[in-house]
Amino acid sequence: MSLSSLQLCLLFSSALFCLGLMAALSRSNTILVLLGVELMLNAANVNFIAFWRYGPNPEAATGVVFVLFAIAVAAAEAAVGLALVIAIYRHQKNIRLQEATRLKG
Amino acid sequence: MMALILIALVTLASAAAAMLLRNLIHSALLLTASWAGLAAFYLWAGAEFVAFAQVLVYVGAISMVVLFAVLLTRPPQPMPVTPPNTLGRALVALITGGAVLGVFIGAIVSSPLPATAAPAPTVSVKQLGLELAGRHAGALLIVGALLTVALLGAVVLAATDREPVGASLDDVRGRPPGTPLQKSGDAP
Amino acid sequence: MNADSILERGPLLVRDWLVSFLPEPARWLAGSLLAITAVIVAFASLFALLTLIERKVLARVQNRPGPNRVGIPLTKIRLFGLGQPLADGIKMLTKEDIVPRSADRVLHFLAPVALLAFAILTFAVIPFGRHLVPVELEAGVLYFFAAGAATELAVFMAGWASRNKYSLLAAMRALAQLISYELPLLLSVVPVVMLAGTLSTTGIVERQGGWTFGLLPQWHVFTPWGAAGFAIFFVAALAESNRSPFDLPEAESELIAGHLTEYSGFKYALFFMAEYFGMCALCGMGVTLFLGGWQAPLSFLAFIPSYIWFGAKLMTLLLAFMWVRATLPRLRIDQLTRLAWKFLVPLALVNLGVAAFWSLSADWTGAVRLTRWLIAAMLLAGPFVLLGRKLTAGLAPRIYRYAT
Amino acid sequence: MLGSGLLSGLAVTAKNLVGSFHDPARLTTVEYPEQQAKLPEAYRNFPFLVSENATDPMGTLRCVACQICEKECPPQCIYIEKSKDKKPDATGKLQLYPAIFDIDTSVCMSCQICVEVCPFEAIKMDQVFAIATTDRFDALLLKREQLAKPNAYYHTIHPTEAAEVDARLATERKAAAEKAAAAAAAKAAAPKPPAPPPAA
């Protein structure tokens, strides 16, 4: 069985997605969970680029534009997420996710 | 093809190592390497602009934020590892991840995807700019608003509740030069 | 002015002649390697020369002669101290390379290498002459700043891997500084990209060609927004390259030597080199964006090859860096960040608006052009004065009671 | 306005930068091996022995090996051995002279006490500029020959002081000569001594 380039790209992105998923599910450190989510976003970006590259009408550049937006949103997500991590740290003196159970500050 | 496989392997390996290591700084740095690998992938695919944006945003900015967060949130003592809990979670994660990966692989291999490697499409920066400012202008505005709000939100969240340190300094700075620090009051 | 004169194409002809000895498949690779080697060799020797020139300039500013002893070894010939860089180099290379016991050995080793690699990468898109640009990229400016942004990572690695509290503190400071000043740096470049309509460095230089009244150049720095942008770029570039007065990361009075504390010998030399490379790259970018790149300053001087003009402008800018270093004392960290966020960033945003006005009023003709110039200048001068007043509020000139 | 201070500062340094090239008076650096800083007249360190002339330093030392300085030297860095014979000094009077006169400059602390106590103006403070040697022991132990320097040298390093010393010595010698002349005249007036001294 031979794989085409597109299939390779998709396999790459799904592997990346699953890595991020596993990290987000298994690690107890909030920062690493955030980074796992970040990896999943990146995997989605890889898909966009792959389908733009091998898709039927690459001249539309929609995939590229979408990735640019995704990067911007991911940057916002990372900034807010890490600010949340710091806020959690100030309240409970560590950043273990399973201990962040209180809604009151 | 070979280049793609190489890039994918390096990216996946560094991402996997980042997710497995206990040292958070090493994790963050390895993750940065994997982000750089993604930029290499974008370059390979012909999306120059996206690759540079990826490096600028991820390697230049997000990695810094992550490193700052790691250094600002070091626990006073090493976190105690609770094996049963961790093991269970790891097992659940492994099973879920493996299942999702299996579904993905099955779907990818069995779908009738266009197998022809078309000549690499190029999108000029000008074209991209016109797209962004034309068809996607609304989205661009929304993203701008989102980034501004996110910036403000992050500042508010991360800001400490303490009195601003600069307050007392400002009092000192505000006085005309040569006057004593405290008002002399009614002293003769 | 002959764009294809033999002098203008000289370096390319030499390259083609050298490459012609090789079989066809290897030519492309050999050509690229030659270009890389040329850039690295040129800037490595410029680095060696700069270390000497900098010490000379600093000395002259303090009314000292500066290093003038080392010339040709084993003779009495001194050559104004031109052998000094060689002597320094030998000293650096033969020094013991110390790695702290608790350091993170891999990262400790990788940090200087990464820093130098990223610094060299930034040279790839700078047009050194009319035909001399290592890589012709459509998004060249973006590439430059992406590669430049990655140096922050190397600084962090150096600070963290040393396992020294001063190194770590300095690395964090360096990061805060680099991130703060990345913003005005990029914002000062945006008007140029906006007005030139391209992200390609060669395109930006070519757009600054042409002569007013057939004599004066049309560089960006001679427009109101260009002058303001250049000033902001200059200040931000000083901070980005850790130069005085923004050399807080290595403030030796507070932080020993910052992230370089635990480095010695060859690795220290690499850091030093990377710092100068970064400075050269930023100056080269400043020349490209604002000072007309390789364009001649007056129309009748255009017969001199373009790369000589680029080199002259680069040296001028580097000398300006040294001049500033010789003059201004180091800032405090709060002053540093306040300058970036409360002065440079708002001013750069105002400048963006002025550039938009300039672009919209491009079709004004005749005497109205002067009005356009004046309006743009006023639009910048007002915010400058207001922001400056805000920045320096309450800071009266210091009164020295006991000094005469 | 913001920036005016920066500009005036830059103007100052630019003036220095340009000025140091066309105005040599700005460059105060003394480039040592070729040039040497002019030491102030009052500068003094390490003693030397004064001799009357440069042609025969050993023959015309003012030192009469009285050993007062050797005894007074706080770190005891002077070592003197008296000669067995006598030589005429500047006035022609027969005097002892130091057969050995060593100063260990690694011990000497330049306190000038030897100079203060010397009744013959024979030891004076020097102005040694480069005091480094390649050898810790012998090169720092100065012999009589190394220590002896002519009076003319003394005049170059401490002109005022040397002039005073010379004037004082001249008056002393004149007084001594007059006294000798008077004594000789008295002797001549007196009856001839039984045995005249042998001709020198």
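A, B, C and D label the chains in the order they appear, each numbered from 1.
Here is the rule we go by: contacts are C-beta pairs under 8 Å (C-beta built on N, C-alpha and C of every residue); 3 or more make two chains touch, one makes a residue touch a chain.
As the structure is a computational prediction, the values presented were derived from the model and not from experiment.
Student: Where each step is a move between two chains that touch, what is the least number of such steps from chain A to chain C?
Tutor: Shortest path length, in steps: 2.
Student: Go through C-D and B-C and name the pair with more C-beta contacts between its chains.
Tutor: Counting C-beta pairs in contact for C-D and B-C gives the edge to B-C.
Student: By CA centroids, point me to the most central chain in this structure.
Tutor: Taking the mean of all protein C-alpha atoms as reference, the closest chain is C.
Student: Please work out the Cα centroid separation of chain A and chain D, and write it as a whole number of Å.
Tutor: It comes to 87 Å between the two C-alpha centres.
Student: Suppose each chain is reduced to the average of its Cα coordinates; what separation in Å results between chain C and chain D?
Tutor: That pair's centroid distance is 60 Å.
Student: Measuring centre to centre with CA averages, how many angstrom lie between chain B and chain C?
Tutor: 27
Student: Averaged over CA atoms, how far is the centre of chain A from the centre of chain B? Could you give it in whole Å?
Tutor: It comes to 9 Å between the two C-alpha centres.
Student: Where in chain D do residues touch two or more other chains at once?
Tutor: none
Student: Hey, what residues on chain B touch two or more of the other chains?
Tutor: 49, 53, 61, 68
Student: Going by the touch rule set out above, which residues of chain C reach two or more other chains?
Tutor: Chain C, residues with two or more chain partners: 397.
Student: Once you've mapped the touching chain pairs, tell me: line, ring, star, complete or other?
Tutor: Graph shape, chains as nodes and touching pairs as edges: a line.
Student: What are the touching chain pairs in this one?
Tutor: A-B, B-C, C-D
Student: Which residues of chain B touch chain C once you look at their complex with the stated criterion?
Tutor: 25, 29, 32, 36, 48-49, 52-53, 55-56, 59-61, 63-64, 67-68, 71, 124-126, 166, 170, 173-178
Student: Write out the stretch or stretches of chain D touching chain C in their complex.
Tutor: Against chain C, chain D makes touches at 1-3, 5-6, 9-10, 12-14, 16-17, 19-21, 26-29, 31.
Student: Can you list the residues on chain B that touch chain A in the complex?
Tutor: Checking each residue of chain B against chain A gives 1, 4-5, 8, 11-12, 15-16, 18-19, 24, 27-28, 31, 34-35, 38, 41-42, 45-47, 49-50, 53-54, 57-58, 61-62, 65-66, 68-70, 72-73, 75-76, 79, 85-86, 89-90, 92-94, 96-98, 100-101, 104-105, 108-109, 113-118, 120-121, 123, 127-128, 131-132, 136, 139, 143, 146-147, 150-151, 153-155, 157-158, 160.
Student: Which chain A residues qualify as touching chain B in the complex?
Tutor: 1, 3-12, 14-23, 25-29, 31-32, 35-36, 38-39, 42, 45-46, 49-50, 52-56, 58-59, 61-62, 64-65, 67-69, 71-80, 82-87, 89-90, 93-96, 98
Student: Can you list the residues on chain C that touch chain D in the complex?
Tutor: The contact residues of chain C facing chain D are 57, 60-65, 323-324, 326-328, 343, 384-385, 387-389, 391-392, 397.
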